[in-house]
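Structures for review follow.
In what follows, subunit A forms one complex with subunit B and a second complex with subunit C.
So, the complex of A and B:
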């Protein structure tokens, strides 16, 4: 169990025991759980602000939808730990975690150009992971929604669904898209961009990639 | 100053009449007049029916209650005025993070309940870390010296320079905002054939820190410099919670939602009998950015403008023009942005029985001076802005999407024609070309693909009885907004139709007796939004049936509807208002109100639906 899990468990137990009006948490919810297992992933420093380590969330989706058709047989579980690259051996220089929803006009507009950025900057080590979380009626996104989205925008980077809205820990869904840059060496959040902020985000990504290329 | 003060607002609301003890007195032989205003709002929010599976934020806005109290006192002695407004909020019922996580877990039936519960507990804990916290703080205070030709203020002051492009900080009730500059303001003026007026002001921007609609507060960092320590004394702070540690940096502390911006501004105005020339400028300085967008991450924004106003240039014609330049300093040298500029002009022609107004705008990279707010943690304050760039549209227009007003050219012509006594015809026609609506375009790159062409028209009439007691107004209108490129629709099809709307507004007022009158006010809209919409056209609107008795009591019965899939379709409410004395108002709202984007002059805020009860009591002594 990671430090984060212990802390949250302790907080829940405290709430359980300390507050007279605190709801009772069933013991089975305080057990270990079976969330994404990644033995090498950082175990401390988790949080949602710049400088914090991102949780190792995992999702179902398509890792390379431009190379294999987005069909049921090609679905796989994709975790942030897949791109954790502490030694630089995977060739990952920067991770861009993106959220999208079908109702979100800024997300739709942003995904019109994301594949071009991925094609240009992917060879320099940028990995984009995008999570579709809601449909046009703000219901949880389905894998069918994801397949249509990937087809519509010719997505060429890992794209998943986030029906549990796990990424709301970093920014409210109502303010989508979220673009969060993560350092693959430490999985620490470098910057968070709320909304489509391409004018400032892409120059920063370019400069980070250049700086990291210089370090390698 | 948290928690312990929780009991203050309710007691203030209930025993505010004790303030009658405040009587005018004398200081140094001069009378001192006291003006006391006590305003309290008591809310209870039921389930507002906007909850979505697994979403914490839409669940956290159910079943909570608060008392929001504003106590304003102003003492005036001769040329001196001393005023203070103290706000406090007490949440007598608020959600519990563990209960939210348990409820979401029970409903979702996840494959990994412990993992899901832990995630939702963390999200709920973060969500509540800067929400539903009791505070009492000095919202506004000032000392003003005023005599003909001179006005000096220390403390909080409102300001608007020109038409608001350079600076506009003031109260906007529709958005629940009241921003001032906490610092110093000096205005010196002279009279004569050519009057001179000089205005200089500077200080820290001071928005209201608590959002009544959501219960969110704006926490500021501790450890500010001397000016910050002075201006932020007693204001709500970032706090440490079980889920949100304080790191010593506002950027990395989740409950730190606002880093106060600083501004220096001034205006030189020369005015004759029929003309006015003014030069105004503002310099906005920021701390480390809390949101990484172009404007909020800029360490410095300079805005200058020159305005000219000619009244009765020729009989019945008045003209106003303002040319503005804006330099937005880039945070990183790798992302410089060209200076922006804008031209706003209006002409008003008012011969007998006709009123024609033509307003035009041509803006390139002309940005709102957005406050340094952490959007990811305090999105309710996203509309906080220190200027107001004119849109030329209806004051409550809510169909300028994304950043349309930052890169736009167009004009609107309005006409009001008196056809006969009590009979008027109304009409308007507008055309705009924007390059920042259907996609982000902060650099304001002008290409056919980035363009959106907008046509907006309305037509209607007004009938008034000769005694003006009977009134009927009816306006029909529409808006066509086409993109310059194919847009991808949710079903994968393509379209260039970006937005469509047809609407009807009406207002009917009829006297039933000498003391009693009835009114029916409504707005009905048929809307279609291709990119980012619900996928199909929808209708929404409202009707309010009002009864007013002797101008001191009223009843409003409201019905609203919204046919978008995924939201409740019907909403009903009742509002009672009574003024037992001219200085006292009691209002009670009970029922439902749909969520909507509310805009005032281009500044917009998305309000969630409301279901509950709100009691407002305002007393003035």
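So, the complex of A and C:
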């Protein structure tokens, strides 16, 4: 999570959780510290709407669950800055940030299709980063939840857990999925889709990748 | 989309042996299964077409969750979900919820009950504001009282029996139901008031669990003749769509999935074609 989110989250957790039964997230499931530092990341213009820069949120998860078994001992810290590509040297043309929850049947349906999209469009520079934030009973997602999820869907793109629901900053509360397209050159939000709007989102991604290929 | 753990008698799933994300079986609840199974063992996909995209502008959805005695309960979860988006409502201790959606949802429905402790049901909702009144859910039997779903065996719970073929494959939702202990068959009859709220003329209805369990070939289904129908009465079997993937029935809708009749001795309702998926089911006399 970003420093800004960390401070907001700490305050929110205290308001919600001090003296209450709010579930506590084990610290090992929260990324932070120097592994999330990204000195070159944009420092201003942050926000949650198109044209705004996304925070450098930082999570625990699996970067390539199709190549490295998604088990706790293989967990990695993954930050949006990993895909920030201002000079175009990383081969990232477009970032799709997705959220999912186990209770969300629309997310389940959507994730049945994402690996095919990743396989087709990954070579053209699309990076999908998906964040699982709650289990089937609205508890914060765990690495075990994530393992079962990626095993089931044969997930072939970076997938993380977001037990603090940091990405809720970009959508109405208790809603999923959210799909947000981000320009890796600037980390500015290009489009935001609340819900699985594949019929309009994927054609946009195709056109954007084609346009960016023309620029490269 | 089924969330799958394949188990079968003739081709037992090998821990950590198949699938793109090969590795140990840890993370599958330590059950030795492998999510996704292998392609040759998987049940064929359902052929029900997905609903056309036709979003409705949903306003405020409100109601109160009560149990079969009419007592308020949080009832697990209350969701306003379509095939494209899902929102969780906060349910008060008085069972009341108010979800201010104010936006388009494709095939919107209110899903209530959680499928773990409570029967999960769905009611389609219309454009604009919807006050759904009292929504009745029913407590499922405890996991400890559930029956294992084993090839060649009969699993019985709550007056419902499933007879699995010797060669049956059982594919289960391993993401929601985390451990083997939770993947046992449980069924509960819905009271008449709960059936009435669903707007159906079913004589009997049941909630089956674990939701989204796919067994192929379909297990034959037998129900107690609670409605005391005459022997030989011809019946229709309906299933509720709770899955946004809509492989077998449309989302949040009831669809006929088979026919049957009352047994000769009048004790049972028999559906030899069975059910393609575990969900809520309802029975009516064939017109």
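FYI, the second predicted complex is superposed on the first by the 180 of 216 C-alpha atoms of A that agree within 3 Å, B and C clash if a C-alpha of one lies under 4 Å from a C-alpha of the other, contacts with A are read in each partner's own complex, and residues count from 1 in each chain.
Rule of thumb we're sticking to: contacts are C-beta pairs under 8 Å (C-beta built on N, C-alpha and C of every residue); 3 or more make two chains touch, one makes a residue touch a chain.
Worth saying up front: this structure is predicted, and the values here are computed from it rather than measured.
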{"item": "Partner chain(s) touched by A:66 [first = subunit B, second = subunit C, both, neither]", "value": "second"}
{"item": "Touched partner set for A:30, first subunit B, second subunit C, both or neither", "value": "first"}
{"item": "Partner chain in contact with A:176 - subunit B first, subunit C second, else both or neither", "value": "second"}
{"item": "First, second, both or neither for A:140, with subunit B first and subunit C second", "value": "first"}
{"item": "Of subunit B and subunit C, the chain that contacts the larger number of subunit A residues", "value": "B"}
{"item": "Touched partner set for A:206, first subunit B, second subunit C, both or neither", "value": "first"}
{"item": "Touching partner for A:163 - first (subunit B), second (subunit C), both, neither", "value": "first"}
{"item": "Which of subunit B and subunit C A:87 touches, first, second, both or neither", "value": "neither"}
{"item": "Touched partner set for A:192, first subunit B, second subunit C, both or neither", "value": "first"}
{"item": "Which of subunit B and subunit C A:151 touches, first, second, both or neither", "value": "both"}
{"item": "Common interface residues of subunit A - those touching subunit B in one complex and subunit C in the other", "value": "102-109, 112, 136-138, 148, 151-153, 172, 174-175, 194-197, 199"}
{"item": "Parts of subunit B lying in touch with subunit A, wherever the complex brings them together", "value": "52-57, 96-99, 102, 105, 108, 110, 112-119, 121-123, 125-126, 242-243, 245, 247, 251-254, 291-294, 297, 330-332, 334-335, 337, 375-376, 379, 382, 401-402, 438-440, 442-443, 487-488, 490-492, 529, 531-535, 564-566, 606"}
{"item": "Residue ranges of subunit A touching subunit B (in the complex, touch as defined)", "value": "4-5, 8-9, 11-12, 14-16, 21-23, 25, 28-35, 47-52, 55, 102-110, 112, 134-140, 148, 151-153, 163-166, 168-175, 178, 191-201, 203-204, 206-207"}
{"item": "Residues of subunit A touching subunit C in the complex", "value": "65-66, 69-71, 101-109, 111-112, 136-138, 144-145, 147-156, 172, 174-177, 194-197, 199"}
{"item": "Complex contacts: residues of subunit C adjacent to subunit A", "value": "1, 3-4, 19-24, 26-29, 34-36, 53, 76-77, 79, 81-90, 103, 105, 111, 114-116, 174-176, 178, 242-245"}
